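Okay, structure first, notes after.
Note that the chains take the letters A, B, C, D, E and F in the order they are written out, and that residue 1 is the start of every chain.
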Amino acid sequence: MDAATIQTFTSPVVLFFILGLFAAFVRSDLAIPEALAKGMSLYLMAAIGLKGGVAVAESGLSVTIATVLLLGIAASFLLPLSAYAVLKGFGRLNRTNAGAVAAHYGSVSVVTYVTAVQILELSGLPPGGYMVAVLAAMETPAILSGLLLARGMGSNSGNERSEMLREVFLNASVVLLLGSFAIGMVAGPNGFEEVSPFFAAGFKGVLCLFLLDMGLIAARRIMSARALTWRLGAIAIALPLVNGMIGVLAGTAIGLDVGSAAAFGVLCASASYIAVPAAMRLALPEADPGIYLTMSLSITFPFNILVNIGLITAVAVALGGPAGISS
Amino acid sequence: MMETVIRKRIEILADTPLIRRVTDAIDRAQISGWTVLPVQSGSGRDGPWREERVTGADKSLILSIASEEKAAALVDALSPILSSHGLLLTMWDVEVIRGERF
Amino acid sequence: MMETVIRKRIEILADTPLIRRVTDAIDRAQISGWTVLPVQSGSGRDGPWREERVTGADKSLILSIASEEKAAALVDALSPILSSHGLLLTMWDVEVIRGERF
Amino acid sequence: MMETVIRKRIEILADTPLIRRVTDAIDRAQISGWTVLPVQSGSGRDGPWREERVTGADKSLILSIASEEKAAALVDALSPILSSHGLLLTMWDVEVIRGERF
Amino acid sequence: MDAATIQTFTSPVVLFFILGLFAAFVRSDLAIPEALAKGMSLYLMAAIGLKGGVAVAESGLSVTIATVLLLGIAASFLLPLSAYAVLKGFGRLNRTNAGAVAAHYGSVSVVTYVTAVQILELSGLPPGGYMVAVLAAMETPAILSGLLLARGMGSNSGNERSEMLREVFLNASVVLLLGSFAIGMVAGPNGFEEVSPFFAAGFKGVLCLFLLDMGLIAARRIMSARALTWRLGAIAIALPLVNGMIGVLAGTAIGLDVGSAAAFGVLCASASYIAVPAAMRLALPEADPGIYLTMSLSITFPFNILVNIGLITAVAVALGGPAGISS
Amino acid sequence: MDAATIQTFTSPVVLFFILGLFAAFVRSDLAIPEALAKGMSLYLMAAIGLKGGVAVAESGLSVTIATVLLLGIAASFLLPLSAYAVLKGFGRLNRTNAGAVAAHYGSVSVVTYVTAVQILELSGLPPGGYMVAVLAAMETPAILSGLLLARGMGSNSGNERSEMLREVFLNASVVLLLGSFAIGMVAGPNGFEEVSPFFAAGFKGVLCLFLLDMGLIAARRIMSARALTWRLGAIAIALPLVNGMIGVLAGTAIGLDVGSAAAFGVLCASASYIAVPAAMRLALPEADPGIYLTMSLSITFPFNILVNIGLITAVAVALGGPAGISS
């Protein structure tokens, strides 16, 4: 773990994130044009989707994959329940806000995952390619469970609900992740080779600039946050810690290799800041973005990048031991 | 000078994910069209924001030209979500050329 | 409060390839300036469009402040292409600070 | 139709580096908010410009809704830099829904 | 040809196009920021221009090049004539719309060409570098002939016409294509080496994302098309078929190698959706973009990418035979 | 020098700049979306910052570095003085405009520097990595000295002045350059390796497209310039010539190697067109951008790229001789 921590803090990827945080805190006017940021996020999703699909094309599908997919869907659906209880009780949020925040913590952050993969690979623990499918599968169940928590069953008209479901299940990142995953499976290693200078070689550099932007956004948001209490700040650190441990344990229990178990832990620990906020604007407009975005983006995201990925990796290594490393 | 007619110009500032809901209402009000303009940043009760499409936290400005009656119908149709979804709606009279269409 | 004068604010929605033609007309009408805003998407008689610069199918909004007479002259100058090129022109009175220039 | 109130709509065209100065003045005038729109190109006394963010030579449009008194206060607050910094300020009356906030 | 077809459908480039079509059809909100799409299209043009110029710097100019250039200009000017007749007769368009659509089919689509080059290269049949110059030369004559068809001679004021001509001949893609071609010729293989990681290695990956976007745009447009009849749909498939065959035959007849003959066929088959629509907005504003863009972008373009490039390649191979392959 | 000149004009980097100038002069509508141009400029700064930091991590810090940093700060602060005198006297500008223009010529242009590095590397004279820190250090002192010249001491309220200083010292390019430099130093060659396909291999290609855009902007600006006299045009060529010579002499005098001395000369010769214009809008709004941007961007910038970098290199080689080459 020590080595992983050091690697975390000498990796340009993480250092650019810190630079972004720093630049925003000193109120520099540094900013990435948002068309570019959007483009980089699409690129990152297409690239990990492709790579995951190619990996599965090479390794073939197995029973483990089906198990971890189901586990991921269950986690995404169930993790909001405990989060909701804590947010309403200790966090003192009302029902709407507690449900909205809970949805974020059940869902996942693509960039947190991608950064974890970089760090795991540097540590010689690359997660399985199928974890990309798990990532995609975990994005949306949490939205449904967060809405159920906030509003109970049946408060929407059927029409509105079906439109909502369509939007949730066909949101851009799910389509792009699963689509590129499928393309990777069809094209296979040969097909991927043609495009690998773009999608593989350029990947870490793009991630650097993207994390620079995320650092800027995260820090600027917290500096202008008004609605955040210390209780919510504490929850935004406790939830990724606890959910990450649950994820690593569950991943190890179903027999994942160390890298994949750690990656699953990171997925459970991460909180969405793209798909879920957009869904909340539509379905829970009364919920306060000043709460859910600040928690997920400005506290949990940096905490995961800077601290929690390292912790989760260490626990996965400790649990998986030499056996895990062999797989 | 060419003849002009007086119409309402309605401008609605809304969260970008809500655009479709607003333009659907415009279509249902049988208004002939609408135009969406990008917005860069802003500040309101929740404090300032920048155009952060990455988080879906950005807004857009929807503009539509309509007759007084259709404008009123649109405002009524939007009224249930105006407050709940934090839309900002302003409107005023403008002279329009080729105004028969609106 | 500072003194203001009343001027016309003219806004013209046009296909992006036509901007130069419109701004040339503004310059010829001896209006002191103009400003172009980007537009993201819209819908009219031909159905909806998105900002598809790739196909040149996008539009822009040209805004100009002018005195009543110059505004009328501009509308007259544009009249031959207003309908044929599908321009959408609205105008209204605004108060302007430092209005002597316009 | 829902009830509306009359407010001033103020639009200020300014060099992008000056936005913060303008929005600070809006905040100080206790106006409830503001919105910034991107601008693509324009032309004035100094000739034409395009949106050249690379050189910082671009402009933005700041829009704010306020009561008549607050609008007047804002104009007064901005008056020292209006001419020196080449701001273009127009304003007019609009109907606003949910107007109590402004 | 079989192999080429399979390669078409396992190439990530084509698969991303299909993903774009799919995402739009299921009404996902996936979208590429248009500043990025514009940037990618400039990148693709600069890259093929450069590569073409470098290839000509290596191979030298020959009589064939002059011949195929003239042939291309003639095709661009003449193909609209037959198209116009069909569009007015069978298609039932009025004169203005028929002329506008005809201009699109005489001109060319850069991305169709670029995709064809990828597929030809995978099949071991790379076209000559000078075909880029042919591509650029074919962009604009069709605009003139479409306008003549729609309006006859002399309907414009002289002033307006000269402005029009300048805009047509100096439009962005012609200048960028020919400019990069010239740069490639001046810089030669050595100069190109410095920039090849960017312009050569990244090329296919960028093309993937660009075709994803084209798929989205093409499918969204056809879903909201109002003015399209089945007759026009049929023409939008027949024209690329017929023009493609004419092109391959003519190319083979003047002695082009198989790859270049196929590429020339693709140029004849392709329909413009950038330069020509922009010119039509200016010169034929009464023509309906709902007709010409939908035909060229939403029918002909996908048909060429998914089916016609493969067909044309097969015909070129059959015609050129072993002799052609040797060149 | 002959070889350097030829290399200048067969390098795609410079040729794309010329293409940009040409396209604007013939009034083509070619344009790079500005979000992309902004993104490329951020990329270029991050890349040279990183590379500079890595180079210093390898070579270690030395006394020379401290000396050249101080020299750079002094040059940035002092060069505006002579410029101001010439601009007021021969150039007939008023105090405000003379101060504003002078600030531009004391400060530096990142892209001029980056282009010079390409050309120096082609000539086998790569400058030291620490020159990036000098570049960053030279950006802002000139702003202060230009403001002092234009307005004297104390004309601003203390509050406004402190805000101004913060904006100047934390402007985006300074933060990004120094931040990436620091990241390069921390990450070192190993850390850099992960991201080098993006930041190193892609660099020259991005520079090509960026210079294409700069050519377009520079030429379009001069074509619509109204306030430019021949006197100012002459000054916009004389200043880079003289400042460049001063820089090479000073750099050689303190013992820099030939490449670094030439790079220092280029820094002195170059004129800012990003940080300084933005600061002038805030602090000297009465100054006319039609003067300072046209001079720095449309005359000095092309002159440096096309002529002066070659001259400065030649002088540095002549001065440094074989001894310089050894370092």
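Convention: a contact is a pair of C-beta atoms (placed from the backbone, for glycine too) under 8 Å apart; a residue touches a chain by one contact, two chains touch by 3 or more.
Everything numeric here is computed off the predicted structure, so don't read it as measured data.
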Intersection of the contact lists for subunit B and subunit D: C
Label of the chain whose CA centroid is most distant from the centroid of subunit D: E
Reference subunit B; chain at largest CA-centroid distance: F
Centroid distance [mean C-alpha coordinates] between subunit F and subunit E, Å: 41
Distance between the centres, which are taken as Cα means, of subunit F and subunit B, whole angstrom: 45
Where subunit D touches two or more other chains at once, by residue number: 37-38, 53, 92
Multi-partner residues of subunit F (at least 2 other chains): 31, 33-36, 38, 197, 201-202
Touch-based graph of the chains, sorted into line, ring, star, complete or other: other
Pairwise chain contacts, counting only pairs that touch as defined: A-B, A-E, A-F, B-C, B-D, C-D, C-E, D-F, E-F
Touch list for subunit F against partner subunit A, complex: 33-36, 38-39, 42-43, 46, 50, 166-167, 170-172, 175-176, 179-180, 182-183, 186-188, 191-192, 194-195, 197-199, 201-202
Subunit F partner contacts - residues on subunit A that touch it in the complex: 9-13, 15-16, 19, 22-23, 26-36, 118, 197, 201-206, 208-209, 212
Subunit D partner contacts - residues on subunit F that touch it in the complex: 31, 34-35, 37-38, 41, 213-214, 217, 220, 224-227, 273-274, 277-279, 281-282, 285-286, 288-290, 293, 297
Subunit D-touching residues of subunit C, taken from the complex the two chains share: 1-2, 4, 7, 9, 23, 27, 32-38, 60, 65, 92-98, 101
Subunit D residues within the subunit C interface of the complex: 13, 37-45, 59, 61, 72, 75-76, 79, 82-83, 88-92
